[in-house]
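Both of the next two complexes hold chain A, though its partner changes from chain B to chain C.
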Partner chain A sequence: MKVEVKHWHAVAQWRWDTGVSSDDTNKGDDDEGDVCGICRVPYEGCCPACKVPGDDCPLIWGECSHVFHMHCLLKWIGTAASKQQCPMDRRPWVTAERKIGGSPISTGNVTGSNGPTTITADANPPRPPPPGS
Partner chain B sequence: MTSISSRRLAKELMEIKNEGCPVGINLVQADDFSTWLFTIEVMGESLYQNEKFTLQFRFDQQYPISSPAVQFVVTEGRQAPVHPHVYSNGHICASILGNEWSPVLSVIAVCVTLQSMLASCKEKHRPVDNDRYVKHAPENPKKTRFHYDDDTV
Partner chain C sequence: MDARLRRVNKEIADCKNDRTSNISLELIDNSPFHLRGSFPGPEDTPYQGGHFEVDIIIPDSYPFQPVKMKFITKVYHPNVSSASGAICLDILKDAWSPVLTLKSTLISLQSLLCSPEPNDPQDAEVAKHYTTSKGSFEETARYWTHIYAGGPGAKDPKGSKSIRDEVAIAGLENAHVDQFEGLGFPRNKVIDVLRRLNYRGANVAQISEDRVVEELLKS
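After this line comes the complex of A and B, so read on.
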């Protein structure tokens, strides 16, 4: 038997690589861990000032390990009231250099780069016919 | 056009309606995204048993980057709690409403903090400078530069 794949449909989902595995953050319906603490919009959404999520509305990491939408954090840090402190722990805000999983940034590596990271590619690629048919 | 504050407040309101308020705190009014009212009472044993206070929040368009203006309501028979950090005009001297505000705080977080401020009160009295302050106080408590000198209550 010869199988000819005429059509396939790929589905992909992206999520910021926050250093936390998606298994840990997706427990139950409680997505509290996945939202920006300032605007309460999911990391994968965008800050209230932006219309489109993604590279134009990135996340920012502090050395204290706290993560926010970059625009939200900068808005806060730009005020005198912030005293340049992290909103979570009031330590002086220091933006962290991103090191994901210790792997250097390389093109073609989907698990460790600065941009949105492809976590799952739930595609239905053409499969070989089962043996014996 | 929806402002930053209204989006964030809409989320907080939805959470309150879905999950309810903590014990002793009740939402009275949140018809818009500029003024909300809550009642607050201290549960269990405290100096404020059987007393119920009304707490008013006023938000500007920059909330939560800028702090809400929070005070007790003192009209129509409603009184501010007699507490060393609460002035008789309802203004509250609490650092999280001033220089320790953080945008990750929320309306409910503020309510809970003030509730526990009352719960831990050991002696009911007005702030020492109450009369002087009330005489010259600005309408909006955010315009007052409070001195936070006591973190025991």
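After this line comes the complex of A and C, so read on.
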């Protein structure tokens, strides 16, 4: 059987919840609000090392509130030149804790090279953390 | 397409679309990793009215390593080598961050022209000139902007008078310029070489005539 695709419609759209509403990111005269500052590809696209956007190329949040593709940030943190600092504000990078469904799934401080420091990021498109808990 | 190429192409396009910053980026040869950036000299500085060009080399590991920039246009500034155009600026070295762009880095160079850092000089002689006599430094910087960066010159209709002024603005002595011009070298070249050698004041005694002639033959 031979199938020929004549046309198709996209029926769904998604974006990472970066904690900033799209109204806010579209404000201002630079349109750099919703791109990863390291590779300058939108958060919804994937980092240059990946082929497919989505769960396999997640975002990472710092306690300073800056957001990057996780792979881009880790590549930077892995260079000696980074001094393990956030590229935006040059403060020591500390991965922020993000909670999904009330349980912390992401924690860690990438500046630690000893011990069981882990870096994980949201495995699902994130939702805002519930208040309190 | 590799990540570096994609990012650089995007930066070049963004710069083209941005008409407010007055920063421009062009290819120098066929490589997208060798560019020429340019910007106008900042207002209310000795660089006002000049057009300053910068040679840009984008390293393999960009943006994880800083871009290499140096001035193509000769600039008289404590943090720029008056001979090579090399620039002393922290973000081009250990304060680089991958979120900096070619445009933001060029804007930083533009503001470096507004605020020299003589305590961290690239050109020690220029820094000395800046710290010992700011007025005279500014005259020289303005003169450089005029002859090298196409800036406005002294409004003097008399040609010969204007050449004499150039010698004074360069902080040199007419007698010294005349001396080497008398050996058969073009006056402009003599001025250029003597200024580069900092042939001024007490320094004159340190520089032999042979040394000056050697420089004149090289230039």
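Here, the second predicted complex is superposed on the first by the 82 of 133 C-alpha atoms of A that agree within 3 Å, B and C clash if a C-alpha of one lies under 4 Å from a C-alpha of the other, contacts with A are read in each partner's own complex, and residues count from 1 in each chain.
Just so it is clear, a contact is a pair of C-beta atoms (placed from the backbone, for glycine too) under 8 Å apart; a residue touches a chain by one contact, two chains touch by 3 or more.
Note that the structure is a prediction, hence the values are computed from the model and not measured.
For the composite obtained by superposing both complexes on chain A, the positions of chain B and chain C are in clash. Look at A:Cys50: by the touch rule set out above, it reaches neither chain B nor chain C. With both structures placed on the common chain, the touch criterion links A:Met88 to chain B and to chain C.
Of the two partner chains placed by the overlay, chain B and chain C both lie in contact with A:Cys39.
In the superposition on chain A, A:Met70 contacts neither chain B nor chain C.
Mapped onto the common chain A, chain C and chain B collide along 62-70, the only clashing stretch among 62-70, 152-160 or 206-214. Annotation: chain A residues 37-41, 48-49, 72, 75-76, 79, 81, 87-88, 90 touch chain B in one complex and chain C in the other.
Against chain A, the residues of chain C that register as touching in their complex are 2-3, 6-7, 10-11, 20, 63-65, 94-99, 101.
Residue ranges on chain B touching chain A, taken from their complex, read 2-4, 7-8, 11-12, 64-67, 99-104. Residues of chain A that touch chain C in their complex: 29, 37-41, 48-49, 72, 75-76, 79, 81, 85, 87-88, 90. Across the interface of their complex, chain B is touched by residues 37-41, 48-49, 72, 75-76, 79, 81, 83, 87-88, 90 of chain A.
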